[in-house]
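Structures follow.
You will see subunit A twice below: alongside subunit B first, and alongside subunit C after that.
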Partner chain A sequence: MFILQILANGIVLGCLYACIAAGFSLVWGVLNVINLMHGSFIVLGSYLAWGAYNSLGLSPWLTLAIAAPLFYAFGYLVQRGLLNRVIAAPVLVTLTLTFGLDLILNNAMILAFKADYRRLILEPALGTLAMGPVVVPVDRIVAMGFALVLTGALYLILRKSRVGRAIIAVRLDRDAATLMGVRVKPTYAAAFGLGAAMAGCAGVLLALIFPISPLSAIPYLGKAFVVCVLGGLGSVPGAVVGGLLLGLVESFGAMAFGPEHAVTLSFALLILFLIFRPQGLLGKRGFE
Partner chain B sequence: MLATAANRIRTSRSGVKSGSVARLFVSAAVALAPALFGAHAQAEDVIRVGAPLPLTGPLAPEAVKQQRGYDLWAEHVNAAGGIDVGGKKMKVEIVYTDYQSNTPRAVQAAEKLITQEKVHFLFSPFGSGAAKAASTVSEKYGVPTIAPTASSSQVYDQGYKYLFGTFTPNDTLTNPLSDIVVEKAPDVKRVAILARNDLFPLAIAQEMEKSAKQRKLEVVSFEKYAINTMDHSAALAQIKSMNPHWIFVTGYINDLILLRKQMADQRIEAPVVTMIAGPAYQEFIDATGAGAENISSAAWWHPAVQYKGSDIFGTTENYVKAFQAKYKAMPDYGEASSSVAGALFQIAIEKAGSIERAKVRDALANLDVMTFWGPVRFGETGQINSLEPPVFQIQSGKTVVVHPPEIKQGEFKLGVK
Partner chain C sequence: MKLGRDLLLFGLVLLLGTLPFFGEAYTLRLGTFACMYAIMAVSWNVIGGLAGYPSFATAAFFGLGAYAGGVLLAKGAALLLALAFAGALAFGGAMLLGAVLLRLRGHYFAIASLAVGEVLRELTNTATNLTGGGMGLNIPLGAMTGGILGEATFHFLAMWGLLLLALAVVVWIERSKLGFGLACIRQNESAADMIGVNATLYKSLAFAFSGVFVAMAGTLYAAWVHYIEPPDVYDILFAVKPIVMALLGGLGSTVGAVLGAFVFLGIEEVVWRNYLQVHTGVLGFLVVVLLLFLPHGLVSIGRRLRTGRAPA
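On to the complex of A and B.
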């Protein structure tokens, strides 16, 4: 029974990690930009949900509908106005730029919201779901479903839609794509906008689960990193698989070795992957 | 000093009748000159106290609390004309430096304050770890230092002469807690402890283990979690399977908010749930909502205590009023401790009649006074040993003191759902 609870915890936690990592994986895998602002985007989404609920009484589900276009536009503008200027430069240049932008964004949030920890408390609470002796909180199940739906939608967009095909084409060969008539700059901006929208939406849902503070941005970013390396870059389902693997390892690791070693264990796994399978579980060669 | 100069400019500006800009500049320069060149003479009239704080980084919320405590004290002293040093009134100035939540940098910050900023006295950086590290520097230069937020006795057992602390050792929190639980809930036998793997949270968890064993309670689980842990479900599932009567959790406010939420997620209930240190802060109650109900905790001070002190704030009530007037919020123990650290320097300087460091150090060591914080006497090691920390519980969204009996506001209640 106890094992079942640990398994359920691991799966749900894994989907939360997938939710955190999905947008990051898209931007890294497809644009080859390591977006260090990702954690701050999530936190900003959480603040949006918190503010909308506490001052306007808007439920997080409605806020999702607002957050998606808002963050898409924000991401689009950041890419169009700033990142596109250095997109062809080596990866370290874009990394440095997003690092600088993150410092600005994160400190602006500390100024605006202070570093206090808050949490979105729904009235009435969503509660928990019991399946026999196994108890799972509803908000985590919702976030889990959301992560799966989002990843599925993203997969379809990249495979079936015109924009999606253009994004993939630009990633594979920028010059050839230009020659085929793909307008590179708007395509990049659309991809970054999608990544930002996913981060913002994840933030809205995570506001129900984790304490909200600008200081949470770094742990979110750290998890996104690990998930992407485990799951594999350039693969959308990789974020889900990597998230699940990390969630299960942390859950069972905490049970077997004590909770203080759960994080150590996940990073040990990361090192093993980097040595023996750098492309990750589902990653494709050429995307690392 | 700059403020004085600015004041003089403002005064001289009002004295200028015509709107001539040139004349304004001349008068400003004339007004500034004595302020600039007289800087040395002025500095001697001001007592400078250094305060290295983690103003940025993860510990920033704690730094703000300490800063509020110091500022309130300095403002009160200066409004009253300053500290009486052998018949001469001297104003105080707090000199802040930011060490970015980085302990090695806290040590450098302390040294810089002493050698470059020439502060007379020092407040320790935040927490036991940084206070211990920085105490080596202040000892080397012989600068009397008060640590307002360091409780672990390992900070004070280095044989240092210049370090004093306003928090009693950790066991003075866990012993009264255990006493009240044993008294009010004789059925509570099984204790589960979950601690953040960090200096203070782990130290107090270990004290809890001792306090529990001394009272014949069975410690059924003692687990640690890593700093920055984002999920506690595995640890909590294990605790649930042990079926404890008393769950004792340590960490900082972000950990405790998440842990309380996840306990509800896993439907973990127990007669007694204690969390240290977080429930003393209003943010904890706001962020946990109904989940805060009946959570017990202990801290070194609470705004409900009632002492009649001989310090600048006088009674606890006065202190709370002054704090509320300035910040529109209730003070918590971190803020009050920072204010009392300033007030103790003031009392020691007035007793010594001098700002000579060795004399102030001796005055601090021999202090035996009542303050709004409580009775203050420092033990052999420099740590306060005269305080009885209150135990409190969150009832109907408010903190209620349940021990010691002289100041209690309500009865200890059982059942955390």
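On to the complex of A and C.
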């Protein structure tokens, strides 16, 4: 029965990881940029939820509607103004540039919010839901539901909308897409904006579950990395599969080896995947 | 031209060695850091600059060296023995790991190398019996004479000597068959493979040489500060700073790496002293400005002034 509880925890965690990683994977897959700001975007989203709840009394579910356009605009501008200038440069340059931007963003957050941990506590608390022997807090279930909805929405945007098709076209073949009349730079900016919006919304959801601090940015970023490599790059289903896998591995690994080894385990898994299946579980070769 | 540059480099570094004659403890501390940063930047340049593989493993090597050497020192081993052990461990480990990790390219290699540091940090954290885990590791004060200044002088000279050794080896690599092979790999790995460059061996060697001196610098650092803990020596900034230094100086150039390290330390110290609250932000700003406006580093300024435009 213990197993069922761990399974449930792993699935809840996994859906949230999928949401964290979907935007990161999109940016990496389409722009070939590893956005090291992703973790800070998530934390910023958490602060937004915290501030909106504590000063305006706005529930986190409503904050999602604000966070998405806000972060989209922010990401769009960062890509248009800064990253597009070096988009053709080698990997090292774009990676280091986002690292520099992340240092600025993280430092600004430490100045603005201090480094102490905060927690968003809903009043009244939503309680827990017991299904037989398995007990899950309701706020986690709702957060998981929203994470799935958001990830699904991203999938639909990429599948059905005009800008989504343009993003996919640029990902598959940039030159051919340019010849077909897709304007590449605004498309890049839109992809980055979508990635940022996903990160911000994931942050809003995570505010309900984990303590909020600028120091959490790096661990979140680490999760996004691992999920992308496990699931396969640049695809939303890949992020979901990778997220679930990581969530389950972490939950069961924590039980088997002790919680202090969870990080080692996930990074060991990362290295194994990089060596033996670098395209990920759902990825196709040639997209690396 | 090339020879002149190398001589200039050695002259500059040799000159730094006279620091104990007129420096006080603070200047010596700065000098020690300058040498340590230069070791990191020059070492990173072997894998990142010469071979073109963006390695984020510098922090892993540094932490590994600090702990491997530090544990030996704490058990009472001599400094030279600890240095040799740390260096050998890093070299051997990097050869083995390199053969596996260096099959990855671009972002994938970058992440895998970053993950090495994270895994080592967690392992160090959990191996409490050996390393003290999160409590950190105390390294006893050696039988040092001459008080604070004497100790500062000793550690400065040790780090400086290591820098000279690292420079000698790296300059030798640049001129050897290995350096030529690495340049081939950077330009076109498949073609290099085709004409008979043993790419796996060469890349592994480059990775190992990018680690060995950093690990030894880690041991010296542990002996110098007498107390290390995992978040300190496996700091991710140790993985990124050498890259910024190399970019600051000019990618692929050993002279540039040393120059970049010194300039970087100068900027860092000024910012750190005056704007403690925002020093990481200022560092980030510096990185952004550097990448957007001076992508070829300080060594390109001269060229740019001569030709009147940016190099292609």
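Basically, the second predicted complex is superposed on the first by the 288 of 288 C-alpha atoms of A that agree within 3 Å, B and C clash if a C-alpha of one lies under 4 Å from a C-alpha of the other, contacts with A are read in each partner's own complex, and residues count from 1 in each chain.
The criterion applied here is as follows: a contact is a pair of C-beta atoms (placed from the backbone, for glycine too) under 8 Å apart; a residue touches a chain by one contact, two chains touch by 3 or more.
All figures in this text were calculated on a predicted structure; none of them were measured in a lab.
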Item to complete: Scan A:Glu260 for contacts with subunit B and subunit C and give back first, second, both or neither.
Response: both
Worksheet item: Does subunit B (first) or subunit C (second) touch A:Leu13, or do both, or does neither?
Response: first
Item to complete: Kindly classify A:Ile168 by the partners it touches after superposition: subunit B alone (first), subunit C alone (second), both, or neither?
Response: neither
Discussion item. If we overlay the two complexes on their shared chain A, which of subunit B and subunit C does A:Glu250 touch? Say first, second, both or neither.
Written reply: first
Worksheet item: Now for A:Gln5: first (subunit B), second (subunit C), both, or neither, which partner does it touch?
Response: first
Discussion item. Between subunit B and subunit C, whom does A:Arg119 touch in the aligned arrangement: first, second, both, or neither?
Written reply: first
Practice prompt. For A:Leu281, select first, second, both or neither according to whether it touches subunit B, subunit C, the two together, or no partner.
Written response: neither
Worksheet item: Which holds for A:Pro137: it touches subunit B only (first), subunit C only (second), both, or neither?
Response: first
Practice prompt. Kindly list the residues of subunit A that each of subunit B and subunit C touches, one partner per complex.
Written response: 222, 260-261, 263-264
Worksheet item: In their complex, what parts of subunit C are in touch with subunit A?
Response: 48, 54, 100-101, 103-108, 110-112, 115-116, 118-119, 122-123, 125-126, 236, 240, 243-244, 247, 251, 277-281, 283-288, 291-292, 295
Response to the item:
Seen from subunit A, its contact residues with subunit B in the complex are 2, 5-6, 9-10, 12-13, 16, 110, 114-119, 121, 125, 128, 130, 135-137, 140, 209-211, 213, 215-216, 219, 222-223, 250-255, 258-264
Worksheet item: For the complex, which residues does subunit A have touching subunit C?
Response: 28, 32, 34, 82, 85-86, 89-93, 95-97, 99-108, 111, 218, 222, 225, 229, 260-261, 263-264, 267-268, 270-271, 274-275, 278, 288
Worksheet, complete the sentence: Listed in rising order, the residues of subunit B that touch subunit A in the complex are 58, 60-61, 64, 194, 197, 223-226, 228-235, 237-238, 241, 253-254, 257-258, 261, 264-267, 283, 286-290
